[in-house]
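Both of the next two complexes hold subunit A, though its partner changes from subunit B to subunit C.
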Partner chain A sequence: MKPLDSQKEYQEYVNKKSPNSPILKNCFNAFWVGGLICTIGQIILNICKSRGLSQDVSGTIVSIILIGISAFLTGLNVFNKIGKFAGAGSLVPITGFANSVVSPAMEYKSEGYIMGVGGKMFTVAGPVLVFGISASIIVGIIYLIFNTQAITLV
Partner chain B sequence: MEKLGCQTIKFNNPPVITSTASIVGPKESNGPLAQYFDKCLEDEFWGEKTWEKSESKIIKETVNLCISKSGIPSSEIDYCFAGDLLNQCISSSFGLRGLNIPFLGIFGACSTFVEGLSLSAIIVEACAKNAICAASSHFCSAEKQFRFPLELGNQRPQTSQWTVTGAGTAILSKTGNGPRVTHITSGKIVDMGIKDANNMGAAMAPAALDTLICHFKDTGRSPSYYDAIITGDLGYIGKDILIDLSADKGYNIKSNYNDCGVMIFDKDKQDTHSGGSGCGCCASVFSGYFYKLFQEKKLKRLLLIATGALMNSTSSQQGESIPGIAHAISIEL
Partner chain C sequence: MDWLQNIDWLQLLKCFVTGGAICVIGQILIDKTKLTPARILVLFVTTGVILGGLGIYQYIVDFAGAGATVPLTGFGYNLAKGAIKGVKEFGLIGAFTGGITASAGGIAAAVFFGYIASLISKPKMKKE
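After this line comes the complex of A and B, so read on.
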């Protein structure tokens, strides 16, 4: 085999040479850390409900507390270590979203509060917002078209 | 000087590397080569407010240290070649704005240090008495520019490399004691279509191979002529590929070849995946480690090949492949 004969062959050769991420270990860590974060959320929810708050209000409180903890840990240089260990486990829950907003805000503070923090805060989370909101609009339109009951409800 | 073959220059009065200096960051200070660097920093900021300012301070202090170690008054240094990784090379131009030596900024990505050494050697042989060259990189400022914010909780792929925080600098002189620059082989841009910015070693290895083979053909030397053949920052994967590819072409470099990116960190303890990278990698390892080996006469003939990936964050987002470059310099006692 001559790996430098063509770009395609070199790419295949490089793929063979490059080690893969330890996928089983990553999945396992993502599973239990993600589960742990959700369990913490559930505990907070149950406590709120047992104090007589409604489901909606309790859910909001859970989000606020998890976002607060994640933002705080990001500022303490701890969340990136959790993220490196747990991957999607800490990234997919709302903790990851908070981290993706706080980390560029910290990073770009050196460029000032307006163009730095303000301008760059959503560089990582921006795509999630744009496509998340776009997707929910499309789903909403489909729901309106196929569910005539919804129109009467509105 | 005279031209040999296609890409090599042979120096008739080989310039002497009279002095070097290196300053590195905290992670490098915990690496296997820590004892060889002139100064190890305790934190990435070094008393500055931003990482960019910190990188400028690192290159400035490294250059000042090198000049004071050499004992040459700075008025007798005729030219300065320097570069780094930040946009428009601000670390070197901001850091060296008070230097008061004619300044030529250069960019060769991570190959900048050897590019600077090559140009300094040419200008010293041609007309200058002394010339200084320097290169720097900083993990935090490079991550900010090329990848994600530092505090973002993401995972790095196994093929990714860790940008070295540090700077290296060398003074070349017409006369003096020390190892001499005998040949330079300037590399061509080689692009084998690798698009993964997290696998720089693989993107740069074909360029290193091209320059390596060209150097041997132009000079008529073989790999065994050198005590050590050292690449800049191919990392573990790139090193492996280069050994493979050069064996394919009939050159066995396995016994005397290593890579600065492999040497500067302890892969298992420091979790640096495929090894170190950045302008500061090759610059600090040469100025710190190899220059001291020359001084102790433990090393007589070194072929230093610095490799660079000539891309930026826009080009990778637009799906462009990564052009590689490699410059070789032969340093002998």
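After this line comes the complex of A and C, so read on.
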């Protein structure tokens, strides 16, 4: 094999030898797993609404069911296998929020049930709640100040 | 097979495609920017709150249903919608109570099921 002298040639060589960037495959897996989770949510939503529950209550029931399922799947070590395969497909739906509560809690179980499990549950979910809730308060205050539909369009 | 005809396939398709597309955005962010999953979650929820506050997210929810509410942006949308509803009903105090009221079910479920699931879980083997 002849030596590779220039930087460019080396780069081409590396590109040829290294496997194709898996980003397309990752996106495809994220797409169908994420879509599937949302579709399951929609089916639960439709069942709730056909039983005569309101939109808000149905939405809450969907969240609770999906969070419950994914929390227990995480506890059984099933969810991280799905996560490895689907990436953002299981992380971005609300299932990822439940997963982010359970997995650090599991890891620190040896530190006890109060500070270990109870405290570490919020390692990832804490920031999510801090920023989400703070942002929602700001949105509410902005809405209060301008008190107009124009700012919200709806 | 009566129930098969009652299923709104178009609605499910919209939900599938939109939900999937939101996850693909997350996947691209993970692959291209090396953001940690925790930051992705924070980013998605905050984006959802902002888009919800601006009223843009409502259009996506109307289009896709659970395809827009199940992803974490929908959680943020729910917080913003609740805060605005709270302000409409109770004024300033509503900005503080509304958001969590709207998403209380999800948060409580995450805390409760999360704790129970952690208790029943077997400690993970490090060799995996």
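Here, the second predicted complex is superposed on the first by the 126 of 154 C-alpha atoms of A that agree within 3 Å, B and C clash if a C-alpha of one lies under 4 Å from a C-alpha of the other, contacts with A are read in each partner's own complex, and residues count from 1 in each chain.
Criterion: a residue touches a chain if its C-beta (ideal position, glycine included) is under 8 Å from a C-beta of that chain, and two chains touch if they have at least 3 such contacts.
Worth saying up front: this structure is predicted, and the values here are computed from it rather than measured.
Once the two complexes are overlaid on the shared chain, A:Q11 sits against subunit B while remaining clear of subunit C. When the two structures are aligned on the shared chain, A:N26 is found in touch with subunit B and with subunit C.
When both complexes are overlaid on chain A, the residue A:I114 reaches neither subunit B nor subunit C. Applying the stated contact rule after C-alpha superposition, one finds that A:V102 touches each of subunit B and subunit C. Within the superposed three-chain model, A:L129 lies in touch with subunit C and out of touch with subunit B [touch as defined at top].
In the superposed model, A:L91 lies in contact with both subunit B and subunit C. Set against each other, subunit B and subunit C differ in how many residues of subunit A they touch, and the higher count belongs to C. Of the two partner chains, subunit C is the only one touched by A:L66; subunit B is not. In the superposition on chain A, A:N77 makes contact with both subunit B and subunit C.
On subunit A, the surface touched by subunit B in one complex and the surface touched by subunit C in the other have residues 21, 26, 74-75, 77, 87, 91, 96, 100, 102, 106-107, 110, 124 in common. Here subunit A touches subunit B in the complex through residues 2-4, 7-8, 10-11, 13-14, 17-21, 26, 74-75, 77, 79-84, 86-87, 90-91, 96, 99-100, 102-104, 106-108, 110, 124, going by the rule given at the top. Taken in their complex, subunit A has these residues touching subunit C: 21, 23, 26-27, 30-39, 41-46, 56, 59-64, 66-68, 71-72, 74-77, 87-89, 91-94, 96-98, 100-102, 105-107, 109-110, 113, 117-118, 121, 123-125, 127-129, 131-133, 135-137, 139-144, 151-154.
In the complex of the two chains, the subunit C residues touching subunit A come out as 7-8, 11-12, 15-32, 37-38, 40-42, 44-46, 48-50, 52-56, 58, 64-67, 69-72, 74-76, 78-80, 82-84, 86-87, 91-92, 94-96, 98-100, 102-107, 109-111, 113-124.
Per the touch definition, subunit B reaches subunit A in the complex via residues 49-52, 144, 148-159, 192-194, 199, 202, 206, 209, 237, 240-241, 244-245, 248, 321.
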